[in-house]
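Two complexes, one shared chain (chain A), two partners (chain B, chain C).
Moving on, here comes the complex of A and B:
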């Protein structure tokens, strides 16, 4: 159809690749940074990151950046900053950094905003928040990053050549000239098994949108981030020397998708494809899979009932082949806005619903 | 057309409150269409189903149609969204070869824009849908042109690869004669290695009324039967005897797998119908069971010496190591040749998990709530909401905007009932159709829960949680 409306004509006119949007997910897990402190304190990592952000912004005049923090219990936007809920908290005290004549103003703005949000985030973290968990809200942060990219892509295609307005993300955008987005995760935490399903959901969403998820691992090891970067064709790097953070950022993570086609990107030697079981959130390499709903369990459940879909399952026949089963009856459509009951799988309702 | 008035009344139920008096006016008939000659299955012809977009537009208070267009767009997005996704059975492993006619017959323009382009578009949609419905299945694509069979994409479980290859076809045009026999023989070879526990299927999209074959196609059909391969054909022109015979004999006498598309919509329906796993005609309708499966890791093996794979005894560096016995296989899903463990990629399974734990629909936020919570920007994408009108009081019923559509929020805000955050329509659509996560629920676990397991519980898989 390109031939009909002559869009290739426009493409030919454009010089060079389009702008790119980089969304950085910064893992701010306090436990992990405390461990990392002797080699790479958070403050140093942030300053390295700012240099990297500036380099990204400098490489194309329309490049955009967004930073989201994946904290111990929540995901928070660091840049751009969400609007304060009440009007009276206006940022009238412009930081002196903004008036520094020696600094390119956009760089100063981002630096100021990022540091302010980060300070705010750290000061609002209670001791209770830290003591109750040792992981990070990676799934939430990735979801935030993806929604932001989705919105930015929609806005970009609206403001530029009027392409088909609807459902660009659903059919997999094939934009070579449009906004190119990617996600960079700077991860320090291990074990994300309890977020297995949401993380895999974001992974497939990113794959569908053709957004690569790059992982820069400073500490710890998670199976699912490896899978995320492998599925989305991103870069995965585990740093042996976190001190060299800036060097790695600049050399491996700065090129956008267009440039990467001409480079040999670092790859993972071994990709771990283990899964987390639904019953204990344990990472397993051999599991028991319900042939109806494909749930994974680490051991056959007692009573031979699938915990997810409540189907009675034949047991003992472990080596058996996948079987064809008559489809389940259709679920009744639930009316929107009605008092929600958990899905009609016959499960135990949650007390608060 | 006599029934069109009643039709309108029935429809206007749905659109209560919507100011679209002339919507669908008289262009839609709901009565049974007098089928012109051929069989049942037919609903209405394309020309009977015209919806004029300009009929549904109403001018806003300021005389512009911007708000109305915006409202319609939002209503459209929302309507698609409110459809409930029903968890379907997805356990089956299928192996399917899609054969596309790329011959001279595809240049015809009876399907718009051309048969060729439309087929490629529907084929891409088919690929996406096929992998959504059958996450651990395999697919390959073969084309028929110039009297030979062309391999378009190899058997694999990666939808993006197939779609890329299909996209490349768009640059070309249909030419030469199709050869059914060549294509079938090539598919037979491609399906030869498919493990016995999966299905072996061929779907042919056939535009031509002829086939130029090098030999006797009946022999090919015989060998298809021996290989337990089932063939379905979607014709674009008219019934062809050999296709009917092909479908009938490979489907144990069932003729339901051959159909001819009447129009674009029907064509799409026919193709999409194949994405549902087929019924088995084997003797024992085996019961549901718990399968033991391994999730092997992939190794590139660069720098190491080459070794033989256990499946084909070919020398290779990379591969997947069986999680039980460490034998190397070259592709997944597979059955470990040494210990018999079914090996699959866990990411293939995970692709369907959002069907198990669907994200609940979000609710519309009235102005009064938006006012009392003072929500200004979307929680996830930070885009600003429309200003809260000044004339809204905590009590006051706000003035309604003209051209309001049912199902859309008057304040353009949508709220997740679990976490209570407000989102914009784009994030609503995105979260429900693509991400299947609520950014708010995933983004904040301080609200009383101790760990992530309970977190998931809030999304509806309560039973898993409560048992544990």
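Moving on, here comes the complex of A and C:
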């Protein structure tokens, strides 16, 4: 009976979930899309993505979106477009796409900007760009996404005076009323081992900012993106059927953090936690970690000197050639031959050696 | 040539005096009355052994074994202490000093770090340095893996504290091959756990310090009578912290009954004063204790503090003296004033109590054997660093190199995709891509915007379910969307069982708790043996090759053990199925209805065991394979 005045209702409204920012990292590696073309052409993927973006924007009136392309040699903003030179502004208004009466104007704006930027990006790509690399600038794009999120979060808390100021501590309390940001990576290429370190760095940054990184894997396989989503509690999906892209997007990736608390995420549970060595960027099963700078190596380095920090390390007995034959004295000598020299010896090498 | 310690002793039937020379380098026997050239001098460094007749023997003799570096054999000297008054005492005095000197010399030889690094100056000093070097040894033990590995006592007490470790140990010990001796096993077991041992050793060697005991004793008033629990240790502590109470106790207790003394004390004004509480007029008086109210409290520890050599630089009281008192301007804060005890008792009491507690704590950073004068370190510590500009940074420099510089052969390994990419012609890739995103080919509407409803390929009317074969699957086709939905739901399902299914019942996967426990133990021991295997295998020590062969046998037996658990699990499952069948039969006999038997719904069995142990089994295979590979590399037939 106390509730008749309806104050509950107003309070409930105030506490409602905040808007969310979705930053999409679209892997535009031309090689990979060329391979995917028969099943899922880039154009179709973009259309599906646009529907998904519209759905995201429609689910909250203050929701925001940003799209960054992770291309073969650079990362480019597709939406919002970087500030164009002033004279272009008029032209934009005249763009025919924006006058479509059948389209909600904000949707049309994004679509126009995204397609324009993408076409620009592809038209400026040279053959040389494609032939010199087979991977994509994933780490750079993730970094762009994170900086954008950081900026948007600050702007948002500035404009909402009532909301709590952004805490300056790195892993602040979970904010439920502020801007909830997440990253969705649409990945088509593998071979990210060369970017292992920067990718892991952005992953940990995202973890501290409480930004989940969702991975939608259309092709290729990278252990590190899997780790990124696992560390940040994002969703990882390797598509069995790329042609059902829209279904995946709408069903698995549309819910924001607030909704996800009440949902069971369809993420794949088996995570490959291997790391790449710093010396050859190979993914390693067994590695050697420098106790000083934590660099990872696939094999003990020459003279037991860390390649990164030049520290002389003690290796102990590990890595010696397994000795399985004890018996004859003569044989033992021969077996032991290599071990006797100081360079391959397990013990601590002295600095003056 | 005077000796500091000496005694009358006969040597080769001649009377004389045996003593240690002033420089403590040698033992000297001087015959009575004879000239010094008949004297016997033994360098202490050359003494290899000392022997003495037992305390009860009537004759007091000391046998000294001397072996100089260039002498081929040791020479023995026998001294017969024959002092008429106290031969035993003199002999012991000489022997004790000698023992100290020898051990000090030995300690120096073994380059055990002594307190001050110089030769001991006196017997007392030798003792002191022996004490400190012993402490040093204890600390060093924490860092010495080998010492930890052989410290059975430590290991036992650790296992007492950690039952699961104890379980693993016992199980591994039980199942180890007979060819490995207990001590071998022991050292192997602990060699993988030195870190745990070290942490435990450090943990157990730490002790709690003393506390403010007066405030810890809480007397309760029951029916006007004072009840309290005070332990012997607390009394000890009280006496330590408050020598005044000790004095009061001393002077009064025979007269006063012990219990009465304490209960009256805890009610007295003296107690309140010592505890630092304000004394109010209503507090009862007690002539026995009130006598001591004005007694200068507890100077003992303070005296000890004063006894320490406090450098003048930090000795505030010394400064006060130098300044000639504080009559004038720089009046001290009232909490610091000598006669304000009554005003702020609690501050003063707590300060002085802390002082006393600290005074009773053996300083960890001061070596009592240090010279009184100031050494360089103390001087540096006392130097007024604020006035000396910036000190040099004392850091370990890391020379971090740009990582990209040392990727020697960057593209050594190419992934499967990269190989496919390499086959593509860049020009074609580019032109196809441009064609693909060309506005003309992207389902643009008349207005210019993208027609999303057709672009995404979902055709509402197409009921492709009817003839799926006829249609070429396209983006957004019903079948692809359904497939996607299925995959997502599969993910949700497996995730949900992961979240919800973490309760005990399902985590056993149908195994009984008994079998599961056995499996857990088997797993732990197998891991243990794998540890040992790799340790020995990778040590590259040919002397351990025999041990290695035994380890491989153990691994094979580990596999047998897993199988045995699996077999038992199978038997258990069969039993459950049998009971189910029996139930069905009973049900059939009673009702005439036949229930279906769903054996796939019954979990457990050897299959589950093998699934659970699969990674372990894989690692076992890997270990034996590596071993055989190494054997083959040595040209030994492994078949």
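The rule we apply is simple: the second predicted complex is superposed on the first by the 284 of 353 C-alpha atoms of A that agree within 3 Å, B and C clash if a C-alpha of one lies under 4 Å from a C-alpha of the other, contacts with A are read in each partner's own complex, and residues count from 1 in each chain.
What we mean here is this: a residue touches a chain if its C-beta (ideal position, glycine included) is under 8 Å from a C-beta of that chain, and two chains touch if they have at least 3 such contacts.
None of the values given here were measured: they were computed from a predicted structure.
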First, second, both or neither for A:279, with chain B first and chain C second: both
Contacts of A:287 with chain B and chain C, given as first, second, both or neither: first
Contacts of A:115 with chain B and chain C, given as first, second, both or neither: second
Touched partner set for A:267, first chain B, second chain C, both or neither: both
Chain B or chain C, by number of chain A residues touched: B
Partner chain in contact with A:32 - chain B first, chain C second, else both or neither: second
First, second, both or neither for A:309, with chain B first and chain C second: both
First (chain B), second (chain C), both or neither touched by A:202: first
Residues on chain A lying within both footprints (that of chain B and that of chain C): 194, 197, 267-269, 278-281, 292-293, 307-311, 317-326, 336, 346
Footprint of chain C on chain A - complex, ascending: 30-35, 37, 39-44, 46-48, 50-51, 54, 95-103, 108, 111-112, 115, 118-119, 122-123, 125-128, 130-131, 134, 189-191, 194, 197, 219-220, 237, 239-241, 243-248, 251-252, 264-269, 278-282, 292-293, 307-311, 317-326, 332, 335-336, 339, 346
Chain A residues touching chain B - in the complex, by the definition given at the top: 1, 4, 73-77, 80, 82-83, 85-86, 129, 132-133, 135, 137, 139-141, 143-144, 146-148, 150-152, 154, 165-166, 169-172, 174, 194-198, 200-205, 207-210, 227, 231, 267-275, 278-281, 284-297, 300, 304, 306-315, 317-328, 330-331, 333-334, 336-337, 340, 342-343, 345-350
Contact footprint of chain A on chain B as seen in their complex: 73, 76-77, 82, 84, 86-93, 113, 117, 124-125, 128, 135-136, 160, 163, 167, 196-198, 277, 279-280, 282, 285-300, 302, 320, 323-324, 340-342, 345-347, 349-354, 356-358, 360-361, 363-364, 374, 376-384, 417, 424, 426-427, 430-431, 433-439, 441-446, 450-453, 455-458, 460-464, 466-468
Residues of chain C that touch chain A when the two form their complex: 398-401, 403, 406-410, 412-413, 415, 417-418, 420-422, 424, 426-430, 432-434, 436-437, 439, 441-443, 445, 447-450, 452, 455-458, 473-477, 480-485, 487-492, 494-496, 498-499, 537-546, 548-549, 626-627, 630-631, 634, 636
